[in-house]
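One structure is given below, represented as structure tokens, and several questions about it will come after.
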Amino acid sequence: MNYTIIGNSAAAVGAIEAIRRYDRKGEIVVVSREPYSVYSRPLISHLLAGHIQENRIFYREKDFYKRNRIQTFLRREVKAIQARSNHLLLDDGERLGFEKLLIATGGCPMIPPVKGIDRRGVFTFTTWDDAKEIRRYVRENPVESAVVIGGGLIGLKAMEALMASGLRVTVTELMDRILSATFDKKASEMIERQLKARGVNLITENTVEEILGSHNGIEEVLLKDGRRLKCQVVIFGIGVFPNIGLVKDTPIRYNKGIRVNAHMETNISGIYAAGDVVEIPDILLDTVRPIAIWPNAYRQGWIAGCNMAGTPRRYEGSFAMNSIEICGIPTISVGMAEAPENGFEIIQEFDSKSGTYKKIILKDGVIVGALFIGEIDRAGIYTGLIRERIDVSGVKDILLREDFGFISLPREYRKHLVRGEGVFL
Amino acid sequence: MSHFYEKDMSGCGIIAIMNEKGVDISGERVMSAIASMRERTNGLGGGFAAYGIYPEYRDFYAFHIMFDTHQAKDETETFLKARCLMQDEEPIPTRPNRYITNPPLLWRYFLRPKDQYINGKSEADFMVSLVMHINANVVGAFVASSGKNMGVFKGVGYPEDIGDFFRLDEYKGYIWTAHGRFPTNSQGWWGGAHPFSLLDWTVVHNGEISSYGINKRYLEHFGYRCTLFTDTEVIAYLFDLLIRKHGLPLELAAKVLSAPFWDEIGRMEGSQRDFFTSLRIIYGSALVNGPFAVVVGHASGMVGLNDRIKLRPLVAARDGDMLYIASEDSAIREICPHPQKVWMPKAGEAVVGTLTPPSRKNIENGREGANPTSNGSDILIGKWGRRNGLRTLPAGISDRKGPG
Amino acid sequence: MAYALYPPEFRIERDRDRCIACQVCVRQCANDGHIYDSEDDSISSDESRCVGCHRCGTLCPTGAITIRETPMHFKANGNWTARALRDIYKQAETGGVLLTGMGCDRSYPIYFDRILLNASQVTNPSIDPLREPMELRTFLGSKPDRIELDPSVTGIRLRTNLAPQLVLETPILFSAMSYGSISYNACWALARAAKAEGTFYNTGEGGLHRDFYPYGENTIVQVASGRFGVHADYLHVAAAIEIKIGQGAKPGIGGHLPGEKVSDQISQTRMIPVGTDALSPAPHHDIYSIEDLRQLIFALKEATRYSKPVGVKIAAVHNVAPIASGIVRAGADMVAIDGLRGGTGAAPTTIRDNVGIPIELALAAVDSRLREEGIRHRASIIAAGGFRNSADVTKAIALGADAVYIGTGALVAMGCHLCQKCYTGKCNWGIATQDPYLTKRLNPNIAERRLGNLLRGWSLEIKEMLGGMGINAIESLRGNREHLRGVGMTEAELKILGIKSAGEAW
Amino acid sequence: MKRIYVHEEYCIGCRLCEIHCLVQHSRSKKILKAFKEEFPRAVSRVLVEEHGYLSFALQCRHCEEAPCLEACITGAMYRDKRTEAVLCNEEKCVGCWMCIMVCPFGVIKRDLESNKVGSKCDLCLGEEMPVCVQNCPNEALTFEERTET
């Protein structure tokens, strides 16, 4: 059996490890645009900030491909998927036949229509190369200040990295607050206060309209409200969208992302897709949408891999969740950060002294959202309750109490303890 | 009689010979057999039991009595004459023997109870009560034997000397048992020598009875008064109780004294299992524990028996109508060089010699049982005899065999 | 009470160098003897609450805790001992009866410790139980004094129809301990151990929880003066029935299970309302005489169609021998005699410590009496009351017991430390309590294992002792007092025990 | 695999498991040192939860399909080949707390000093039995290989 995988990140690794679990012989081919052995994209901010050395960015051991007997086509780009004939056409014209195909091409950074984005000093922030280039540029040019476009997770991680490298940083956010997608107002305020305290220049309800400068670099940016900001670097940190370029003009169906069934298989049998490139059921919002987070990517890859290797497994769907530490404040947000309409119950707890904030959102006795700022220990319990749709109305009042724990939950749910089995997330 | 209270802790030699057809055997033969086991004795006691020696008095109880004093003799005779017709009385004939010194007064009496004294009791029970009374209450008097047409001759010395002293070469009987003692604790007292006897029961015994304490109390429950001087007597009394009073066949009585182990009983089939379970439950206190090899004689036969793990030697042999039981093979070959069959009875397996035609009802039951076609709950003596023969001994027994 | 006139009984010594303030002691003490002070992260003691159960010291991971008797705080006085004074102070405070638990702890002579066993030398080979069969199997029940046979043409038929017997693989049973006085887990462990080791446990007067019916064939059910939990199923499921007349720890005294211990489960088992005191009258109010007892014995035999032995348990009192004789003649198949040192869940201290006689003397007297009367075979004797080890058991059997009951010994095997506070219901070892915080401290799996180990260990030792005496079946030791010798006893005591003095040969 | 099983009906809430776990993961592995001399004090990797008289010890379940393994962005979480235990390679961990976010048992704790996964049951690799099991006085914790899933 031949398994071919386009992409080389979490979903790809998940698939490889699943395939090898059930099929030790089959041939596995990985085609990746990037030249590197599998590495962890979320670590690029740590790298840029100098928190870690390059050798620590690798997601798996050096011998990962060798041990799993994988034929790699690195620094090679797939030009086209020939779904009918089960072939891939590579940039150099080479054709690769496949029996099972996994499309794990991930996402691409969003770049809004801004004039002057081709100037030197303008970067995106998703790949190791991005990080390397930013670093080189900052080292080789007289750079003092930067503008980060986007007050979401990526933008803020980029901001942190740049501050760590000694730059003055401005963050522009279109909405009225940062992290509007993952936090509620109070949480955003808490972080904003911290950012300002650390000298970050936050500009909300505003964005860059044009990047001005000369051939040898950026001099300033022009904001929507006409203001101008001196800076030498501009980074787009808005977010990513599914990288579905490849499947356009193929019979593979897609919407925002590639559409897959519970086996992570596309409408073309034998062709699977996983990771940031797909759209999957959001079990909280009852919609199908891309949820571009690492744990999903790996698990989808794993599920796809199982099915490709002939062991049927179903993907349960997922929901938004994120863990991020900003200015040393750990935060976790799972599911909804704010109640969309009435009919939701909210339990919260705020302690300005310790700077902690906890919030649980319930619908019909079931948790649909949890938000933790400052204090995140045991947050996973709530994630589990959301995932398993456990009715917690019985213990509502103690949900956020110090001593709330597994013991407060129905015995049936505690069966995990005795059985010692894992649960899936 | 405090010196009477001794537990007989002795290593000994025993020999028993019998002619099952009742043909007479001279005392010489048993004397030479026991003499061959001199090594097993230390001259502190020897004795003989002989059956069929008083045919002319066969209807009278022959009392062999030892007296320390004339006063004891008078007291005893008065007591007896008051209760019995005394057909005859005489000193037991002896001849001088340089090794036999200061014997007690030795007399024998041929008695029949006066009917009016029996009142209710069986004749046998009445005679037993006389023996018990004399042994317990008449200072210096001891009834050595009290059965019909039999007698016990015993004293302090090597058995062959005792035999010579009592002129046993002049007696003829169809059963002879003999005993040479090696006591570890005995002041030489004539009464302390084997055989021990009650009515026509005689016991020669090599061993020590660890269960003495409870056997004694158990017998007391049935009116036996173990005033006697050694644990050997309990064997005589137990046989008397089980066979004469409870009507058990000899072989079953042997199975009470030397009971099969529970795991062996567990391996028996239904009715046998129930039978032996009941037997052990009921007669637990009659189980004789500790090392012993014993020959019990009585008017109509004899039985040789080992303790249940055979801690003392016992050999048996057959030659025609002759049955031999002894501590050592050599003793048998001394008088029967080439027996037809020689065997080492298994632990707890009775060697039974029976006088034919039998004279005891319960023996009949037992022997006729040898017919293997049985139904349900019948116990086939022959059958469990064979089963017993198949018995596998627990590990570690064999090295406890051999001369003790 | 304003203040106590006497110092705490115990002193809690905490080695500060060792204490790591882990609070195990705080969490384990149901009496709040240890207090955690979060301010300076340290632990202090309230010694007035310590009952000396040693739970804290046993579980302390650094061995930082020692519990000591408070050194004498009263002026020394041979008559007015600290104990006497403390009792008076307590009573002066409360005006009530002083209660206690477990068996008499006064220093009356323990005759077992003055009796020595025999062994073989030279003339009689001792037997190695590891290499040769050694039989402890014991049958409890009435036995005929002779076997009845029917001669038949083919052989011999057994006519005797044996009365029902209990078969024990070792002559040790677990004494009556009621569900209520001890916890569900404790009862469960006893039942499981009895089944596993081929012996019996006894429900006491607490009825039988239906969960334990599967252990019926190893269960002796008690019919006591309160008649708690007695019904048809109760009698039918059991292997034997025991009529409880008295108890060594409190002869002539009834039982009292305080209402707070009568939980839902217990109320169902005892068939009384939740929360009501369970009071067992001192006498059975349908037994005012021996003939009344006979009626109850036969009522129970009738009720169970003569399918199981019926026994009677009495406390060892001065007249025990004639009483036992009467009980046997009244038709009991077993007589259990509970001596002075027998345990209890709750008894007035003064009764426990002053009423009754030691089991050794009672047992010997009863065995002798029944033999004198020629009725020893009609009933089995079970001795009870303070058996501490296999030697006690062996000596009791040689004195004449068919088997022995162990209660305290079993509890100790399960973890009891004899603090004698059973009646408070705050047993820190999870045994004599119904408090769910505490009952789960007794893991029945562990308890069963420990009980089984105890029985097996003792059985092995008994076999060794038998082998040493040259005996390979327990019935040859039963009542065989020749293997006992006394030391430091008066003629009268030796006479009652029916044993010779050490130094006397056979 | 051999797992730690929890029998809550026999947990007596003494927390000796926590104490011995802490000691096992201290520098000296000596109880008095660990508590009195080592600062910061080591962290127990087992957590006893109590509610009324109910209590039990909880530590990493070493899930068959472990959410923390899937969520770990650095690959620091890995499954030990021999024991199948889920372990954390502190060299690689950067403290993103994804594992804490997804662990449904809430048994992963932060080590605030190193800002790494600090407290994560490692089944006491090297010991023939985890110390929490060894030292549970009531056998409320057992270490068994169970075939049934």
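A, B, C and D are the chain letters, set down in written order, and residue numbers restart from 1 in every chain.
Convention: contacts are C-beta pairs under 8 Å (C-beta built on N, C-alpha and C of every residue); 3 or more make two chains touch, one makes a residue touch a chain.
Not measured: the values here are computed from a predicted model.
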Comparing C-D with B-C, the busier interface by C-beta pairs is B-C
By C-alpha centres, the chain nearest the middle of everything shown is C
Distance between the CA centroids of chain C and chain D (whole Å) is 44
Taking each chain's centre as the mean of its CA atoms, chain B sits from chain D at a distance in Å of 78
Here the gap between chain A and chain B, centre to centre from mean Cα coordinates and rounded to Å, is 103
Contact graph of the chains (line, ring, star, complete, other): line
Chains touch in the following pairs A-D, B-C, C-D
Counting only contacts in the complex, chain A reaches chain D at residues 14, 40, 42-43, 46, 51-52, 56, 58-60, 294-295, 298-299, 302, 321-325, 330, 332, 334, 376-381, 383-385, 387-388, 403, 405-408, 414, 416-425
Chain A partner, complex, touching residues on chain D are 3-8, 47, 49-51, 54-56, 58, 61-67, 70-71, 73-75, 91-92, 94-106, 108-110, 146, 149
Residue set of chain B touching chain C in the complex reads 5-7, 9-11, 184-185, 207-208, 210-214, 216-218, 220-222, 231, 245-249, 252, 259, 261-263, 271, 274-275, 278-285, 287-291, 308-309, 311, 362, 365-366, 368-369, 371, 373-375, 377-381, 383, 394-397, 400
Given the complex, residues on chain C that touch chain D span 17-18, 20-24, 27-28, 59, 61-62, 430, 435-437, 440-441, 443, 445-446
Given the complex, residues on chain C that touch chain B span 120, 122-125, 127-128, 131-133, 135, 137, 139, 143-147, 149, 151-158, 160, 162, 165, 371, 374, 376-377, 398, 469-473, 475-483, 505-506
